[in-house]
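I am attaching a structure below and will ask some questions about it afterwards.
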Amino acid sequence: MESPLTGRYVAVVGPSDSARDDDLERARAIGRGLAERGAVVLTGGMNGVMQAAAQGASEAGGTAIGLLPGPDRAGAAPENTYTLPTGLGELRNALLVRAADAVVAVGSSWGTLTEIALARRTGVPLVLLDAWDLPADAGVLVAGPGEALDALVGLLRAD
Amino acid sequence: MESPLTGRYVAVVGPSDSARDDDLERARAIGRGLAERGAVVLTGGMNGVMQAAAQGASEAGGTAIGLLPGPDRAGAAPENTYTLPTGLGELRNALLVRAADAVVAVGSSWGTLTEIALARRTGVPLVLLDAWDLPADAGVLVAGPGEALDALVGLLRAD
Amino acid sequence: MESPLTGRYVAVVGPSDSARDDDLERARAIGRGLAERGAVVLTGGMNGVMQAAAQGASEAGGTAIGLLPGPDRAGAAPENTYTLPTGLGELRNALLVRAADAVVAVGSSWGTLTEIALARRTGVPLVLLDAWDLPADAGVLVAGPGEALDALVGLLRAD
Amino acid sequence: MESPLTGRYVAVVGPSDSARDDDLERARAIGRGLAERGAVVLTGGMNGVMQAAAQGASEAGGTAIGLLPGPDRAGAAPENTYTLPTGLGELRNALLVRAADAVVAVGSSWGTLTEIALARRTGVPLVLLDAWDLPADAGVLVAGPGEALDALVGLLRAD
């Protein structure tokens, strides 16, 4: 099924160790939904929300590319289809936002906030799901994975 | 006068075009105070809060180093003592935080928020002055330049 | 067919505009051979040797990932399976080398030499095919695509 | 004395551990000469040629700024006037070239070659002193520190 998401790159960002079960379920559903619509899932490649999104994409037969912070593949989630070590540490968050056509944030952490702020600063469409408590204009605020996917379709159709 | 700030690198971050007069006055006072205490002022090298902080440092006979986003020195504030083009765009915000022993945020913008979040994510001491409306534990919240300098002295003495 | 190259990431680097027909044919054969052995082909994502390697990988049903220098996908070769804009300009050469398990250089240019030198500097196994006129110990010097693939198998088996 | 070098940024690059005594003496003389002409010396901030250039600049009362590869100031040469940790590893070589108005290479190593190749790739004026055995058009080849300084004056006057 052709969709405005087909062939587009969507970064799914969110907490690693501090991710809640809720965040993980939602990230997995979003990863799955993105893959079903033909989007490539980008993540930071590690555990937590990143891993859950990669798992969802992989379950749907899609592609998840992980941009890793370290200089090698240590710690990469096995659910990634491809992994790219950057050796940039937290600067890889900025690469992730740059490489993406849109960003979905699931849950809250300081790392996630860097990605949210960078997306806003550089004009990358942003969907927030239970994300950091930000001003109302921070991005499209949604309540669940289905709404998140609908919001992405709307943002990338208009793009 | 020897101070816990002597020889330390403090990044002053804040809005460029959207900086308010208040932000500029405060950034200038902080830049001056840092230079008087022997600290090196780091900024993003452009206008607004960055320029005001560099101006303050320069008025006090100190040093301001600007890490520019572009591939050359176009748009650099003339008040910088030294400027370094990075060609990294907004990724230079992450460099700025990494190169600093502490960060002071004056005022609010999405670019400023990337620096605040990166400082928190990477454990760099952070002082917030009229900065983004963040959770109470985001950093040391202060009401004016004098308090900001005192807070930095406290953070870097303990460091 | 399982091979020491299966699941490994090999960067194919070489000139863009100044690539000779010979370079292009060889890069394409190497891209094809890598894909046939299950390796992921990494390139700088643009024209010349990068495009030829991606084309070879794609003809063999494999995967070519292009790390682009610009902030968006403009100028990306259509033969890439996936493209990631980095906005890093020539710094993306360093990312390419970092993300790769081995590097093959086909032909000579200053950009290619940065990748060769970075691979040597950081210890990434390197195979040179008609590459820059370097000291004999610069890497494994080979005369054609078949030898290049054999050399990669040897280097990555030992890895 | 006003000079075409006054206020310009010149990167002095060369080997660290493998630097020969000759390289060190020459780097120090170049650092001194640059500082006497009002140029800011940029280096990779560590030992060997980098340290010698910083020492020369500092002896002449000038400024040496070191862009360090690590995430903190560990290993920085004490002769630097200012140091900036980048956490970029070998990618900081590219930053160094980008931030410089001209590059002088003293001696040979793979790291030095990355800087030479990047300077050539990005059009930064380049002077080579006993540097890597490169094609004759690689840069302005000189035989000693005095010639190197003269060559820089010529390149930056024309700039």
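For clarity, chains are labelled A, B, C and D in written order, and residue numbers in each chain start from 1.
The criterion applied here is as follows: a contact is a pair of C-beta atoms (placed from the backbone, for glycine too) under 8 Å apart; a residue touches a chain by one contact, two chains touch by 3 or more.
Remember, it's a predicted structure, so these values are computed and weren't measured experimentally.
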Fewest touch steps from chain A to chain D?
1
Furthest chain, CA centroid comparison against chain A:
D
Same-residue or different-residue interface between chain C and chain D, half as cut-off:
same
Could you state the distance in Å from the CA-based centre of chain B to that of chain C?
41
Taking the mean of the C-alpha atoms as each chain's centre, how many Å separate chain C from chain D?
30
When centres are defined as mean Cα positions, the distance from chain A to chain C in whole Å is 28
Which residue numbers or ranges of chain A touch two or more of the other chains?
71, 87, 89, 91, 95
Note which residues of chain B are touching chain D in the complex, please.
9, 40, 42, 63, 65, 67, 71, 82, 84-87, 95, 98-99
Taking the touch rule as given, give the residues of chain B at its contact with chain A in the complex, in rising order.
89-91, 93-95, 109-111, 113-114, 116-118, 120-122, 133, 135
Which residues of chain B touch chain C in their complex?
71, 87-89, 91
